[in-house]
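First chain A sits with chain B, and in the next complex the same chain sits with chain C.
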Partner chain A sequence: MLIKCHQEELLKAVNIVSRAVATSTPIPILTGIFITAEDSSLTLEATDMEIRIRHRFSVQVLEEGKVVIPAKHFTDLVKKLPGTTIEIGTLEDDTSIYIKYEKSQVKLLSYEIDEFPEINEELTKPLLSMDSELLSESIRQVSIATSRDESRPVFTGTLFNLEDDGSITMVATDSHRLAVKKIQPTLLEEDISSLEIIIPSKVLGEVGRIWGDIKEDLHIGFSESHVFFKGKDTFIYSRLIDGVFPNYKDVIPEEIKTQLLISTDLLYESLGRASLMSRGEFKGRGSIIKIKLEGNNIHIHSFSSEIGEVNETITSDKDGEDMEIAFNVKYMLDVFKVLNSEKAKIEFSGSLSPALVKPSESNSYLYLVLPIRIQ
Partner chain B sequence: MKLTEILIKFEEKVQDLLEEIRDLKMYVYALEEENHQLRAKFFHGDNDQEGYSNLLNIYEEGYHICPVHFGDPRDGQDCLFCLSFLKKRSRPERGAT
Partner chain C sequence: MERWILLADMNSFFASVHQALDPGLKGKPVLVTGNPSLRKGIILASSYEAKKFGVKTGMPIWEAKRLIPHAILIQGKYDLYVKYSKKILTIMGEFTPLVEPFSIDEAFLDITGCQGLWDSPIEAAHDLKEKIKNRVGIMCSVGISTNKLLAKMAAEMEKPDGLTLLLPGDVKNRIWPLPVRKLFGVGPRIERRLHRMGVYTIGDLVEYPIHSLKKEFGINGMTLYYSARGIDHSPVDPNSLDKAKSMGHQLTLSQDAQGGKIRAAIIQLSEKIGRRVRYGNYVGRRVGLVLRDKDLIFNSWTRVLPDYTDLTQDIIHGAMDLLNRHWSLWKPVRLVGVNFSDLIPKEWEQQDIFGERRRLGRLAKVCDKIWDKYGENSLTRGSSLVGERISKYE
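On to the complex of A and B.
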């Protein structure tokens, strides 16, 4: 193998695939990056057997070939290389590669390529496609409610529910809050039946990270155990989370007692200031802010015995009863950060019932958050 | 070490493992019985109101009562699924506190 490419492009590719490299494993080959030089492109691939990421980019291929090299040393090296043309080639003994830059050269021992685990190619047939920007935005909106508690695996993922009408409902919850987003993909197969899969948040995080700034049609395919996302240059393949997602529809309140329509930015900034004074209070229950709805005024109060207190008053359009309610301020800040709507609609059904947050002009997204019980 | 000795040691290990499995089997059996009795007590009690109160007490003591994580300790915050479960079982509708 012999190729030439620019350091910046190589670093970008290494950064994309290195997230799938196994960090602690008894299988050394999983700590490597599989590199293939073919036609006029270089493909980098890594897997920890849970997730696999493959990325391709154009390079000057002088001699085709394959090699598996230790990811950590290669990544550290590429980061420190000068921003110039890099030459990578295999040495005669076939157990190492050299990396040439300017007048210098590095030799790196390689792994046996046959040991690198192959993918089940049967699962690479796409079933639907979706705009990458829409998917990335939806992931941002839903993933805020994902749990990090590994003892409850189902909650560490996002439910993708393919409905009978061809839409996908994405749902995540940590049991204190719930985020639901409905999106419309393009179906590539006519006879797809409705189904539910739970995709690990790590995988969706990678999808959002890789395709957050790229606009293209993403092809998506899945089986009962795996899912893949495929763009023009990048491919992600992962195991699904095994388990049954709880019936989330049951927890969405139907009776609404009070409804607010308010500027998202105004409320976000106000909550942000209030959050400064709520640190350290109510240990183990998050930082609490109290909200009092009185006429068209919203009074936001936070208090810290060690720092001080904040009293904010902002106005909104209100319909329904006055009330007092308290929330973990982080849970509220999270949603207004990703709502992507000039105005927010907030619906309350009592000071002990979950509140609903939605964008004012669309019903495609909703966020449900439990209040905190206060004396 | 001779092959016979290796096999004898391997046989001992398998026997130890079998013993552990037997112990585990009895332990799981006891747990299943306990679980069965608890479910019978809380979900199919003769008195619905008593069942509801029992569930509410367990929840207030800091444990999940939702089918997803029944019996697991809560982290101090309320659980959407437990509250929804309690709400469904309360007749007439009652608050969570």
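On to the complex of A and C.
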């Protein structure tokens, strides 16, 4: 193998696939990046057997070939290389590669390519296609509610529910809040039956990261155990989370007692100031705010015996009863950051019942948050 | 703004509580003891009348009796002292909301914001002593100063029934001549190290440059540097006791246990802790696991749970996670300990969507009631039956 490419291009590619490299594993080959030089492109691929990322970009191929090299050392090296043309080639003994830049060169030992695990080739047929920007945006809106608590694996993923009408409902929850987003994909197969799959957050995080600023049609395919996302240059393949997602439809309240229509920015800024009263032990986990709805005024109060207190008053359009309710301010801040709507609709159904946050103009997104009971 | 801080130290607190309850004990040498039926019983506290004879805390009962044959021995009742301590804190709370309990018989009061109520801080201190004496029947020594360090050292200067004002200007004449051990924060170990450095009085310590103290004692060295000069900026924190709270239990296994028995012990210990946490109306977040192996080497790990909790299941989960991550189940264990910390008062509760935690909370309440009524062995988790019960049926 012999190729030439620019350091910046190589670094970009390495950064994309390196997230799938296994960090602690008894199988050494999984700590490597599989590199293929073919036609006039270089393909990098890594997997920890849970997730697999493959990325292709154009290079000058002088001699086709394949090699697996240790990811950590290769990544660290590429980061430190000068921003110039790099030449990568295999040495004759086939156990190492050299990387040439300017007047210098590095030699890295490589792995046996035969040991690199193959992908399960059954799953290559895309079932849906979707705009990458819409998907990235939806991931951002839903993933805020995902749990990091590994003891309940189902909550660490996002449910993709393919409905009978061909739409997809994305749902995530950590059992304190729940985010739901409905999106409309293009169906590539006619007879897809309704289906529920739970995709690990890490995978969606990578999808959002890779396609956050690329606009293209993403092809998506899935089976009962795996899912893939495929764009022009990048391919992500992952195991699904095994388990049954709780019935989220039943917990969305139907009877609304109070409804607010309010400027998202105004509320977000107010909540930001109220969050400053977070006691030391809650750092990064938010703090309690009390919200009092009185006429068209919203009073937000937060207090800390060690810091002080914040009293915010903002006005909004209100329909329904006055009421008082308390929340973890972090849960509220999270949603207004991703709501993507000038005005927010907030619906309450009681001091101890879930509150709903929606964009004012659309019914496609819903965020449900449970209040705090003050004793 | 200049602060005014009081430290009130109840004189011979345990003995004084008994003297307050039974006027017949007033003026008599009272010794509060551990269990006197045990031959190894020791003196937990003594009245001033007994102290005059040279009785010291920690002395064996027989030795104290030799010093004062006519002494009155009373077995200590901790619940009673806690009750009296609470009464005294309530009185202090009438002076200022900024009361920091420092131990069962000492508390700091920040009366800075309450100056208008008295002619001077000395008046306030008099008032405090009077109120405690009249309403609880206990004398105390009060130290008055502009920070906690000096207030504490002032209270030490006159006992019993003292009232001492110590101002930053007095530090040179009244503090520097004292042995270094008298400086707040200097215990026997630090004292020994200071002696080796040629520091015998607090005045000697002032001679030492800050960088040498920092090199020798780290961050504590800086505290020593400032303390010796009477400087202390720490606030009177009413919640300070809440922060350090932790609860733990441990169990020595009768034989080197492996696998299921370690798990069973963790479940039993967590159950006990969960009950105590709920009983005290706390929630906590940090779970710790201690395992002593057959070579008697201690291993301990902790992890932070995703949320504050008082549920036994969460404590078990956290401890099991530590076990799975750090211990091979075939490795024998002699002692298992579980602890739960970062405890704070349970003032609020995050509601959950699917009602699972609410159900578990209710279940825990019912279990607690059954245990209260029918005893610890009345209800057991099936999974803990593999191992040894902490207390077996007699």
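As a convention for this text, the second predicted complex is superposed on the first by the 367 of 375 C-alpha atoms of A that agree within 3 Å, B and C clash if a C-alpha of one lies under 4 Å from a C-alpha of the other, contacts with A are read in each partner's own complex, and residues count from 1 in each chain.
What we mean here is this: a residue touches a chain if its C-beta (ideal position, glycine included) is under 8 Å from a C-beta of that chain, and two chains touch if they have at least 3 such contacts.
Since this is a predicted model, take the numbers as computed values, not measurements.
**Student:** After the match on chain A, would you call chain B and chain C a fit or a clash?
**Tutor:** clash
**Student:** Looking at the overlay, what does A:354 touch: chain B (first), chain C (second), both, or neither?
**Tutor:** both
**Student:** Which of the two partners, first being chain B and second being chain C, lies in contact with A:178: first, second, both, or neither?
**Tutor:** Both chain B and chain C are touched by A:178.
**Student:** So in the superposed three-chain picture, is A:326 touching just chain B, just chain C, both, or none of them (first/second/both/neither)?
**Tutor:** Second partner only.
**Student:** Using the superposition on chain A described above, determine whether A:147 touches chain B (first), chain C (second), both, or neither.
**Tutor:** In the superposed model, A:147 contacts chain C only, not chain B.
**Student:** Between chain B (first) and chain C (second), which does A:199 come into contact with in this model arrangement: first, second, both, or neither?
**Tutor:** neither
**Student:** Return first, second, both or neither, reflecting whether A:288 touches chain B, chain C, both chains, or no partner chain.
**Tutor:** Second partner only.
**Student:** Which partner does A:373 contact after superposing on A: first (chain B), second (chain C), both, neither?
**Tutor:** In the superposition, A:373 touches chain B and chain C alike.
**Student:** Would you indicate which of the stretches 222-230, 348-356 or 384-392 belonging to chain C has clashing C-alpha atoms with chain B?
**Tutor:** So the stretch of chain C that bumps into chain B is 348-356.
**Student:** Taking the stated contact definition, name every residue in chain A that is touched by chain B in one complex and by chain C in the other, in rising order.
**Tutor:** 173, 175-178, 246, 251, 328, 352, 354, 368, 370, 372-373.
**Student:** Can you check the complex and tell me which residues of chain A touch chain C?
**Tutor:** 147-149, 151, 173, 175-178, 246, 251, 281, 288, 305-306, 326, 328, 352, 354, 368, 370-375
**Student:** Which of the residues in chain A end up touching chain B in this complex?
**Tutor:** 152, 154, 173, 175-178, 246, 250-251, 284-286, 328, 350, 352, 354, 368, 370, 372-373
**Student:** Show me the residue ranges of chain B that touch chain A in the complex, using the header's touch definition.
**Tutor:** Residues in contact with chain A: 66-69, 72, 75-81, 83-84, 88, 95-97.
**Student:** Show me the residue ranges of chain C that touch chain A in the complex, using the header's touch definition.
**Tutor:** 237-239, 243, 285, 306, 317, 321, 342, 344, 346-354, 356-357
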